[in-house]
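Just below sit the structures, each encoded as structure tokens.
One chain, chain A, appears in both complexes that follow, with chain B as partner in the first and chain C in the second.
The block that comes next holds the complex of A and B.
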């Protein structure tokens, strides 16, 4: 069981690096979506016996992160007619190096953290921290609104993974509420991205600098 | 039952507003629901309901000490909303009214939440509900401000969720059951795993600090407050920020019982003074009177953080300041909204002589300026005095000195902008727009009422409020 969980987290960590390295937005969205689905399936593996509420939340997570949110983002991308994030503030190779170095660092750091014996051998904590880090690099280092949203979602995936440490004690309706907030959030982001595109005729957030002292 | 009613009432109002057929009569739902909510809230302030300790949502002493202020502020803003929306007939107000009421419901939930997960859901919900309100004016600038609010606020709130999970893990690692209710976490106290508690504290402070607008996480604030309608700005500055502040107070109480109170206090003091300093420096430079209000809000959030870092007496002063700041800032935002509409512009370079064009709003704006810069006899003077007294009692002399220095610079900065727009002879453009958007009784009375309450708080703070704050402090600092 544990090795299956670690395999999925390993996949998620690999997808972090793909997200950091790709300049094409569809690839970035796909990496984010696959990661969301991999992590969405984890509650099913962690729960030892079948529980229909857990399954329901897992199915909703997979549907939300794997299909609904990517669909909204792809639609925004087509509307804005952009395929690539051409001029990142942190280049693709530096971001990849940052991501790889950061991943190694968090794996090393997780050994130093005080963990419960059942979590000591698992990749959950380093995986979560690596995704949070990747999310931050994308948020800071990309200039297109859609890539920044993907960064935000990868950050959120990391937090979701960390939250799975508490899966046996957190009531499910809290998980469901968090998922609902996230979906509504992305929906709202989609609307705002659309309006920015219409108002500024670009999704380059570097152009959003009319407000300053 | 009543705590749920405080949440359900505005949410039901929001549903009614969403289906209400007429744009012209819909805004009246705001003051109606606001009045019911405020009446219920004040009734519960005077006769507090019995507290169930294991309840996830309850009108506990901390909620009792803060929520009535938010409810009052909402009521007055709602009353201002009716004439405001009448000047904006060209835009449909269905979403605006429904979401304002949703915000009130979620703020009530956030203040009463005694479970970290529930608190997070409510705070995130308020953040999302505020978004369509921010870009109500529909200008490109408003969308830019909304984007920054969404991205900075969203990232911040995500970090506070990570912090909440860390606190849960601290309980699990310390041998507890990982329950995220504040009661259980406080009972476990020293049994929590210290490294995880500290990690949680840092993340929660950064996360909810972003929502409060503490520097250096305040960058969304000037843009959002500058572009939002006055009534939304008032509710963000006086309502949403207090949800985040009470969240920090609740987590701080857990951290203190876990044995890391000294570190938490020091970080709060440092971040509070830094916020005040940043606000003071930017206030000396800004030329826009709505952005000025945002920096003033950063300053006041700094004051709250400093108060929270000064022990029981400081927290008492901070709770006093929540009331004083929310209501006074509300008066400023509302009168600034009226002035901004009449002038058709927002900067010192384009606006002049508003005392001739909108005499009453300008007078309220000037009086509110004296109130918010802590001139006696208004509320903020006495609450800030209590913070300084707490600093001296805790022997933080340098902090008190820096606090006073920042207040002085803030005073210079704010008076500079306010008198520039109030004094002098108006520009031709200001005169022209002021004919279209003249001030009316409906836009003058609400800020005047808020200013009156601020004065009342200063001159004779009602004893029921003093007891409410004392009981909230007792809840946060339980005697073993």
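The block that comes next holds the complex of A and C.
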């Protein structure tokens, strides 16, 4: 069971790097969606006995992060008529190196953290921290609004993975609430992106810092 | 006496089998495109024809123009002889021979680059600059791959190093080494071996001014280098030690054939990358090898 969990987290780490290296928005959205689905299936693997609440949240997570949110983002992308993020503040090779360096550092560092014995052998903590770092790099280093939303969602994937450590203590209602907020948030962003596009003729967030008549 | 016979047999195997690989790759490409394609033995005919031709020498060129290809050819064949062949082991094995293989490959590249600069032609200089700047990243990747193998096997002797790990580490290392194979041998996502447009070619631009036997040596050396990387990739991913002698040989041959067909398929299905995208792919190759190293290190510690 543990090796299956580690394999999924390894996949999520790989997807982090793909997200950092891809210049095309569809590839970025796909990487984010596949990562959301891989992590969404984790509660099913972690629970030893069947629980309808856990299954419901897992199914909702997979549907929300794998299908609904990517669909909304793709629609916003088509509406705004942009395909790629061409002028990142942090280039693709440096952001890839940052992500990889961060991943290696957290894998090495996780050993020094005072973890519970049952979490010591698992990649959950390094995976969570790596996703959070990737999300930060994407948020800082990309200029288009949709890429930044993807960065935010990858950041949320990391926080979700971190929350899974406490799956036996915290009710999954919390995650369900976050998921609901997230869907609404992305829905709103989808509309805002369209408005920004109409008002400014661009989705470049650097232009949003200047005043406009 | 036996040593001499074995040396000659190995040398003959490497030298005679190597030109087959480009033929197989071209056949696969032709098959995917629905053409009949050149015969599999085309490179043998080319080498035979080039060997009979005379050499055109620039009045500017020093003896290095001839010596460069010769040095490169000898270095590549030397590196190939150091590589163990499955159950047969290596001809010569000592502590640290993995490093010698890396250095011999670098020496071969230096030889070709040196000979390319001899005529003072602008195109050769351009091709050399590109080849060497890609090599900086490709060599980092192959050194990381060698480091992964040696950390896994706790040894720096090639015979012991090429007992691969299983699972995720092998997949990562295989993907990294395959990318290195493509860039080191100037295959498609990095360079197109069939292009003859001077502005876009890399390896071909370096050898534009060579003719006759030196060109034959360069082409033959390139095919031996391709076979060397294919064998290295196969042996670092497939655990040959688990099979008995003849079966291991068959598995090795099958692995080499699979990788060669894989290269052909990649060439047929992928377009060439733009120059500015190449460093990204090479960085990915380094990272794949680096993560394989991480897996080997963590696995060894646990």
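Heads up, the rule we're going with is that the second predicted complex is superposed on the first by the 210 of 213 C-alpha atoms of A that agree within 3 Å, B and C clash if a C-alpha of one lies under 4 Å from a C-alpha of the other, contacts with A are read in each partner's own complex, and residues count from 1 in each chain.
To be clear about the criterion, contacts are C-beta pairs under 8 Å (C-beta built on N, C-alpha and C of every residue); 3 or more make two chains touch, one makes a residue touch a chain.
All of these numbers come straight from a predicted model, not from anything done at the bench.
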Room on chain A for both chain B and chain C (clash or fit): fit
Touched partner set for A:196, first chain B, second chain C, both or neither: first
Contacts of A:92 with chain B and chain C, given as first, second, both or neither: second
First (chain B), second (chain C), both or neither touched by A:145: first
First, second, both or neither for A:109, with chain B first and chain C second: neither
Computed vertex angle (chain A) for partners chain B and chain C, CA, steps of 10°: 150
First (chain B), second (chain C), both or neither touched by A:56: neither
Which superposed partner A:10 touches (first chain B, second chain C, both, neither): second
First, second, both or neither for A:21, with chain B first and chain C second: second
Per-residue contact with chain A, leading partner among chain C and chain B: B
Minimum C-alpha separation between chain B and chain C after superposing on chain A, in Å: 22
Footprint overlap on chain A, where chain B in one structure and chain C in the other make contact: none
Sites on chain A touched by chain B in the complex: 113-116, 132, 139, 145, 148, 152, 155-156, 158-159, 162-163, 165-166, 168-171, 174, 177-178, 181, 184-185, 188-189, 192, 195-196, 199-200, 205, 208, 210-211, 213
Residue ranges of chain B in contact with chain A within the complex: 115, 117-118, 120-121, 124-125, 128, 131-132, 135, 139-141, 143-148, 150-151, 154-155, 158, 161-162, 165-166, 168-169, 172-173, 177-180, 193, 195-196, 222-223, 226-227, 282, 285-286, 291
Complex interface listing, chain A residues touching chain C: 7, 10, 17, 21, 92-93, 96-97, 100, 104, 107, 121
Of all residues in chain C, those that touch chain A in their complex: 168, 279-280, 283-284, 287, 290-291, 294, 298, 302
